[in-house]
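Following this line, the structures themselves.
Across the two complexes that follow, chain A remains constant while its partner is chain B and subsequently chain C.
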Partner chain A sequence: MKMNRSIIPLLIIWSLAPLVWQLYTSFCTDQALVMPFAEHAQRWTLAHYQSVLNSDPPFLNYLFNSLFAGVLSTLLTLILALPASYSLSKLNQRTATLIKALLIGCALFPYVLLFLALLEVARFLQLGNSLIALSIPYAALSQPLAVLLLTNAFADLPTELEDAARVEGLTLLQRFRWILLPLIAPAIASTSILVFLFSWNEYPIALTWISDSSKLTLPVAMARIAGSSIHSVPYGPYAAATVLGSIPLILLVMAFQKPIVSGLTSGAVKG
Partner chain B sequence: MTLHLQNVGRCIGNQWIVRHLAFQIGNDECLALVGPSGCGKSTTLRLIAGLDPVSEGSIAIGGHDVTKLTPAERSIGMVFQSYALLPHLSVFENLELGLKIRNVQCKDRSIRIQRVLDLLQLSDRASHRPAQLSGGQRQRVALARALIRDPEVYLLDEPMSNLDAQLREGIRPELRRLVLEQQKPTIYVTHDQHEAMAMANKIAIINHGQILQLDTPINLYKNPNSLFVAQFLGRPQINCLKPSDNQIQAIRPEDLKFDDSGLPCRLLSREWLGNTQLLYLASSEGDLRMIMDPSFECPERLFVRWDPQKAFYFDRETGKRIP
Partner chain C sequence: MTTLLLLLLPSMLFMAGVFALPLARYLWLSFHADSVMTGLVAIPNDGANWNRFLNDLRYWQDLGQTLRFAVASVTLELLLGLAIALLLNQPQRGRALIRTTSLIPWALPTTVMALGWRWIFNTPYGPVNRLFESVFGHSLNALGEPSLAWLTTVYADVWKTTPFVALILLAGLQTIPSDLYEAARLEGAGALTCLKKITLPLLLPYLGLALMFRMAQAFGVFDLIQVMTGGGPASSTESIALYAYWNALRFLDFGYSATIMIGSFIILTMMVAIAWVVIATARRRSVVGAPS
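And now, the complex of A and B:
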């Protein structure tokens, strides 16, 4: 117990230090960043934020693009994964275990190995430079994890709840609407966050599928900032972009904090 | 309305969970299904409700064959062992859901819900979530949900097994009155023989997915057709003597008499049950249970005898009654 308590501050420092450093860098003038202990006429600045926000196309544009792709891939993932995991939770034990093993295999597969093939597909079907099209591989790649998480959530529901609803006369869709979805809402929330995060951070596919600079997603746009000059890395603007890019995520996680935690731990303890 | 089962069975893989179920329940009858856990009681109810498919035989409600119908088309009111109340809805919304699905008018819904809530003394709990209710209240809500649709058949699956013994005895007369008032065929599942005798006018004893005997409680007690039935009904349990000639003689504890001669016994222990006392005796025929007057001071060694007319004889191999 004592051991645990002394570890908490260390854990907090461990996980928050990089973020704090990033925040510091984003508000720091270039000179102050290079020589932190010298005297400076001006130590703090908003210039990095200004440069990021006033770039062409404006940074908020990328933010919106990522948000759009993220929301779309999350919705697409859920629409496909919910029915799949419901049926999987109703299958007999042996078949279900086999399918789950396959899904785990897919989830563990390094998707970077796929991106060349995906690029060919995009070229063939002319899916390049479309954020809507981008959400298709995102949803596909998120599918195994989403199905696994949601299947467990469905399997954890007492079967008598659904049986009672069948006796009451609810059809499958009505059961979904009134019983299943509300009861697995925590699992849906945590799954959505994971899918959204994946799409928010994804780099190789976004890099190769999108070339139109007004349609870039955040990771690609930020990489461009970092690589915009040959001679130096523009730490300040890069940090500012990172901070701006994290704000929606922080808001999202804060809004869904409760369901996420209860979703991630559901099944661990029978309530 | 009657509920009629003909040779109903359910087979999973190559194993029969229940088989050869056949009985008929009239309008004002309550049949209790009793048997050890895992014997197929819940499965029987699920077959009647249409939750599981029937592998053979047919089910008819009021003369209509419903074997192939969905649960929604059968007009069944069912109370589940876990109550199966929706945790995210209030008591009112739990009751409302089934009516809403059936397109009952909003005003009509409120009236019907209010009536059931009043009937079950739940009016002040309408806006509570199931988690905020006591076990007894949850059980009444589950019953209310079955009552509100006015179904043709009632199926109650161990409705009181989650309640403590005292509460169970308090609720039993109320439940019995409510069920009898409905004048509908009712099946009451329990593994408690006391409850079965209190609630039902007929009892079916099930073991390994088959009905061993179906009769009135008194007939089952007086005339068990197998050793299993004789042992299942009646507490303290019936005494089985050492088998002889492939035959087991069994005698109820209350039929044993204390005497000057007969089977010599030694007192093992005794329990006071309030108005009687239960003696455990060791004899050459095996251990015996015997009911005596509580004031009786039992000596260390004694003789017991019984009227052979009152003993039952069963086949050692099959457990069937030998007349």
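And now, the complex of A and C:
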């Protein structure tokens, strides 16, 4: 029991310590970073934040790009996955099992290996440098997870409900809109947030599809700062960028921790 | 029936577009020379890519490094994750707080923290080196030493994923009915026996699933390595995905990059198939029939 009580603060320190260090770094002057124990005329500064926020293009731009790509991919994912998972929950056992096995295989696949072919597609169809086009591979890559989660939700609904609605003369679209979707709303929420997180964080495809610096998503913009110079990375501004880039996600996790966990665990329990 | 298949079709087509099409394209490209030398035009080259692939020491070294990274980080994540999950599996206050803090490292973009790690492991200014210096009196060049650099990437990965694995395993633990433990205790079973005879067998499907997913993800490790070490020092942290990336975008050799991808895909499939057989056998043998 004693160990149990001490594990919680340990876990919290473990998770947050690197972030706290970045927070500390972001407010330190360069001199204070190099010689932390010496006396300094000025130890704390907001200069790193100023340089990040006033850079060209401004940092908030990247956040907006990631938000845009994330929302669009989530919508496209749902438009594709909702009908598919409804269908999968109604198909005969054997076909459904086969398709689910295929989906699990795709979900397992380290998608980074796909970037070259996807890059060729982007070049061929002139889809590079477009955040709208970026949502197409994102939605496609999210299909396995989204379809598996939503199929579980559809399968958990009692069939009598839909049968009754059918007897009342509701069309498939009406049943979908008025009966089924409201009932699986929690699963839709979990799926949306997981797909949004994937799209927000996605790196290799965004890296290869987007070169225009005004259209970079957050992860690529961050990596560009790293790549700008191998030997002298501007750690102060970078730490400020880490903090600014983390805040939206931390808020998101705080607000949606329940649907995130339920999505992840129902995927694990039934997958 | 037709309606059902029509509803399924768009999703399946999108998936075929990103999964099947690229693999087919790689297979085709792997039998062609397609690089700056050919003006980025595909010319059949009679299996030369595959010959090069099989004899490419750098690839096989990268594969070894990738597997070393995957095995080390996934083993640590599962062991630590299991320990944390077992300790947390009691009703207690602050569950929301634990969940949120556990999810934060997992939810942050890898690239965001990757450079943070570079700063933390920086020599001489990073906190890790300062701590090491104050204890041992000499500096620690964690990112510059090939024998140490890969461990820093393992640490970064374990940091990101362990709380997450713990959360998944905790959910698994909570599906185990508590009367099983009560019955076992009435029969005089100790804590260790309960762990061995009830908890682990019933948790096996979760452990197996976490193992497979994490292994497959670690096999494709890219973001972390590219930003944190760039594959260095002296290629000691280079992963196969990074090597394929260099081949495509630095050496502009699409044919060979495609060969690396499809070759790695074949290797991964074989490993997953073997793991699958092993897990299935273990499941059949487990005393308590684990729900699947």
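Heads up, the rule we're going with is that the second predicted complex is superposed on the first by the 241 of 271 C-alpha atoms of A that agree within 3 Å, B and C clash if a C-alpha of one lies under 4 Å from a C-alpha of the other, contacts with A are read in each partner's own complex, and residues count from 1 in each chain.
The rule is simple: contacts are C-beta pairs under 8 Å (C-beta built on N, C-alpha and C of every residue); 3 or more make two chains touch, one makes a residue touch a chain.
Nothing here was measured: the structure is a model prediction, and the numbers come from that model.
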{"item": "Fit-or-clash call for chain B and chain C when the two complexes are aligned on chain A", "value": "fit"}
{"item": "Touching partner for A:S15 - first (chain B), second (chain C), both, neither", "value": "second"}
{"item": "Touching partner for A:M254 - first (chain B), second (chain C), both, neither", "value": "second"}
{"item": "Contacts of A:A164 with chain B and chain C, given as first, second, both or neither", "value": "first"}
{"item": "Residue contacts on chain A - larger count, chain B or chain C", "value": "C"}
{"item": "Minimum C-alpha spacing, chains overlaid - chain B and chain C, in Å", "value": "12"}
{"item": "Chain A positions touched by chain B in one structure and by chain C in the second", "value": "none"}
{"item": "Of all residues in chain C, those that touch chain A in their complex", "value": "3-5, 7-8, 10-12, 14-15, 17-19, 21-23, 25-26, 84, 87-88, 90, 92, 94, 96-105, 107-120, 122, 125, 127, 130, 159, 162-164, 166-168, 171-172, 175, 206, 209-210, 212-213, 216-217, 219-220, 222-223, 226-227, 230, 241, 244-245, 248-249, 254, 257-258, 261, 264-265, 268, 272"}
{"item": "Chain C-touching residues of chain A, taken from the complex the two chains share", "value": "3-4, 7-8, 11-12, 14-16, 18-19, 21-22, 25, 33-34, 36, 80-81, 83-84, 86-88, 90-91, 99, 106-121, 136-137, 139-141, 143-144, 147, 172, 197, 200-201, 203-204, 208, 218-220, 222-223, 225-227, 230, 233, 235, 238-239, 242, 245-246, 249-250, 252-254, 257, 260-261, 264-265, 268-269, 271"}
{"item": "Residues of chain A that touch chain B when the two form their complex", "value": "158, 160-161, 163-171, 174, 178-179, 182-183"}
{"item": "Parts of chain B lying in touch with chain A, wherever the complex brings them together", "value": "46, 49-51, 70-72, 76-78, 80-82, 84, 86-88, 97-98, 101-102, 145, 149"}
